[in-house]
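Two complexes are shown next, each including subunit A; its partner changes from subunit B in the first to subunit C in the second.
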Partner chain A sequence: MKLETVTLEPSIGSLSEIEDINLVNNIPHLTSIVNQMILQNGNTTKEGSINGGSESLQPITNEWYKNIPSLPIPRVFFRIIYKSRGIVIDVTDITFTARLTPLQGDDSEKVAEFFIEEIDPEDRSLIVNGAVFYWSIGYLDKPSGRIRASILRFRRFPSWTKHSLDTAVRRAKELKELLDDE
Partner chain B sequence: MSPEIQSLSIVLRGQFSPLIFQPYWLVTENLLRKKEADAVEVEIIHPTATVYSSDWFQLKVLNDRFQIITTQPPYNEALRDLVLGIFSLLDNTPLKALGINQAFHFSLESEEVWHSLGHRLVPKEDWNDILNNPGTLSLNVQGERPDSYNGYYRVKVEPSSQVKNGVYIEINDHYQLSEEPNYNTDTKLVIEILSTNMENSLKNGQKIYNKIVEIGTGQ
Partner chain C sequence: MTNDELLPPDKNQVEVNLFGPGYGEAIAIHIGQGRWVLVDSCKSQNSDIPASLDYLLSIGVDPKVQVELIVATHWHDDHVRGISTLFHECNKSKIVISNALTKEEFLKLVSLYTDRPLPDYSGIDEFVNIFNELKFGTRNGKGQSSPIHAIENRIIYNEALNFNKKELNVSIYSLSPSDTSIQQSQLAFGQLFPQEDSPKRRLPTLQTNYASVVLWIRIGSENIFLGSDLENTNDDNTGWSAILSNQIVIDEKAQIFKIPHHGSANAHNHRVWNEFISESSYALLTPFVRGRNILPTIQDVQRIIGYSQNVFSTSSANIKKWRPNNKIVREFVESVTKNIREINEGWGQIRLRKNILTEQENWNVELFGDAISLSNKS
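This part shows the complex of A and B:
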């Protein structure tokens, strides 16, 4: 399989560009979708859920904190033209290189180099060999017009606690004993 | 045809303590950036309900329901990872059911085409004998799961309340985690489903959406 190497310039649309846009406007998105579900859900059981199903929302109840207020329709929407899953394979002081597996758009795997300064400062500690991220390129549609943008987000895992490490070590020993007995 | 609005939500039914799910707990556990937690808009944090929104997700936790939703497709995987992270930590949460739900609003070219979709999905010939000017208000169809998990697929189609000449499609990919009235007190199954089946769920949802659009537009 031939891999294409791509070097990305910051001008392609960095995460900081996205964050400069007030994405708090997205909150109306969520509530409008949510309210459609509230309005359209019908019969309920005593528990307030729909026949025990996992449908998104309970119908409106008398308890005010369970109601989500109605807000206008969304003003900002991201249309993806390309999406991939990346795995970091090399890191330098200025850039990192990743193998990209397409999830939407182009079919071919690629190797791409990114500038570390494109990554949110709080995510830079996540840039290590083997780290996974998701990268979307597309159009951000706003009332003021369409802009080309990209969103790159690293996968986050819970911190290992001493308890979880101890549990993992104990479990590994148990499995080893089991395998040794066989 | 791209939807005008779309969303992905992950819903769990079980037993939850809403107070745990505060934004700074997610930061402490390395699941959320600190500045994201600083910027959340909190509706309530209370022993019976926690509801807040960041710029890419909304979280709502009640004593018997956990729900997280995003309307930004680039964050679909981040949403899944956040749920995976949370329930890796809360690994003894009693659970009954999981739903991976997608919703779409899309617009048709005219009111005439919009009506014809409703007629195609629910033919009106028999209804004309018993109702005056019948119209399709809501259609629910359920199908079996294509895999070995317990549960079902449920699709709802309705006129959209958000988009002109619009259609709303809701797809509920439902997994039954335990037999009523019992709970499954181990989150391994949820973690397995979200880790291995989420991509299939999104693809199936897209397939259903495309089919209904095709019915509506003839394309």
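This part shows the complex of A and C:
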């Protein structure tokens, strides 16, 4: 039994790219992952359910995915001139300070103090010591024309679950036994 | 470095190296007879390998057999980057860790970040790797199974070495953390452990470094004092006050002083200079560029050169206002930020060598890269 994973184009790489594109294009993710089980039976390939159920098997071709209709893609592009990743190192009522590592369009580290009012209100609760954000500056090309844009978005990470916290406490006890002073 | 400069120290020479980019610090000490002690770690100038390892390899030292001891003075990113690599490569070495970092509250944080829940680097990652090395014995199956715990007034290394048929004792002591510091650090680490359903984020750096390990190294009659990042506190039982009150190790003044916490005013203690440091000492520091400020400040330098005539820094890091070349970038930078500065960290090495058998000889100081004499700048 052979498990094959197929990824539809276009694939989207880093989370920041997804955020950039979604932000300006407002399109759903175009990447999806389809799992198949292909049962090899001589020269016949068959498609089955993921869990190997007992549904009747139909012969398929290996290029079945080409029949999926393509989605219309709005012609909106964000052309990045400068991009950096920031880590917050200090926060006040009005500003926050961050160390910036260049990702595109620059080659040296910076330290910058940002006005909090320039940050999307939805992101302001994320402005804490240690928070990570991406800052991109460039041109937004839309069918209606080109405008200049600056986009600063904070990374959102999943929350800590009870399971992960309990696991950490258990592992810590095990580590302590290993490290205890002899 | 020239070919002569790449020669290793003579067996009877003591050598002290301080490496420093503008954000990072590492020390490599030759204690004699081809034996080395490494304290903290930072990246090398031209590669990602640890600076101390890069240097040892460049002068023909075999780190697998010649490094005796590695000390992690605390857990901050700028002091431990690459230290787990050092520990892995230096098969014979033992590792010393602050006792505060072997307690359950810190270990909970290490365990939490073991599975790399965040993509960015943190000093915690180095301890995850070190503890894995200890647990699974991956250094060719050799080495210790638990670290040496550094606490106040503890001897962590003691050997009698033969220098041209003259036997000299080499002793290394940890002067901190104190018991109270260890307790305070647990409270602080405990507050960093997240609540259920709180969003994951990078561990912030604690404002007060309670866990820091200060070292006193005695080689024959030479004394080397490494101040790590220890600061003054309001509590007589922590920070420099605790060392001044409790230490039982120091009976002669140090000739070499690694100034604590990048020369900051918070870490300056007049009594430490007066009671523990020789007037003819060599004082070394690394700069620190992170937030709006650079350490040491001009006032810090002026203060320090009042205590020593031989003050050196691994670089003269500076920050200057950034004015982007691109008009669009400049427009947004000026509107979105209150200020933005470009960091010029520099990278340098300070090396001191001396024949241990010649008591009257001065230390020979060499400066490489961007390392400078702060005394000359006064």
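Note that in this section the second predicted complex is superposed on the first by the 108 of 182 C-alpha atoms of A that agree within 3 Å, B and C clash if a C-alpha of one lies under 4 Å from a C-alpha of the other, contacts with A are read in each partner's own complex, and residues count from 1 in each chain.
By our rule, a contact is a pair of C-beta atoms (placed from the backbone, for glycine too) under 8 Å apart; a residue touches a chain by one contact, two chains touch by 3 or more.
From a predicted model like this one, the values you see are computed outputs, not experimental measurements.
After overlaying the two complexes on the shared chain, residue contacts for A:L178 are found with subunit C alone; subunit B is out of touch. Once the two complexes are overlaid on the shared chain, A:T97 sits against subunit C while remaining clear of subunit B. In the superposition on chain A, contact of A:K142 is made with neither subunit B nor subunit C. When the shared chain is aligned, subunit C comes close enough to touch A:A168, but subunit B does not. Of the two partner chains placed around the shared chain by superposition, subunit C is the only one that A:F114 touches, whereas subunit B remains out of contact.
In the superposed pair of complexes, A:R79 makes contact with subunit B only, with no contact to subunit C. Legend: residue contacts after superposition of the two complexes on their common chain; A:Y134 is shown touching subunit B, with no touch to subunit C. With both structures placed on the common chain, the touch criterion links A:F157 to subunit B and to subunit C.
Annotation: subunit A residues 138, 156-159 touch subunit B in one complex and subunit C in the other.
Residues of subunit C that touch subunit A in their complex: 99, 102-104, 107-112, 114, 117-118, 120, 131, 134-135, 145-147, 149, 193-204, 289-292, 319, 322, 324, 326, 328-329, 331-333, 335-345.
Residues of subunit A touching subunit B in their complex: 23-24, 26-27, 29-37, 39-40, 47, 49, 52-58, 63, 65-66, 68, 73-74, 77-80, 83, 85, 103, 120, 122-123, 134, 136, 138, 151, 153, 155-159. Those residues of subunit B whose C-beta lies close enough to touch subunit A in the complex are 2, 4-5, 7, 9, 11-13, 29-35, 39, 41, 43-44, 46, 48-49, 51, 53, 55-58, 60, 62, 64-65, 67, 69-75, 77-78, 81-82, 85, 88-89, 96-99, 101, 103, 105, 138, 154, 156, 158, 160-163, 168, 170, 172, 174-175, 180, 199. Taken in their complex, subunit A has these residues touching subunit C: 81-82, 87, 89-90, 95, 97, 99-100, 105-106, 108-115, 118, 126, 128-132, 137-139, 148, 150, 152, 156-162, 164-165, 167-173, 175-176, 178-182.
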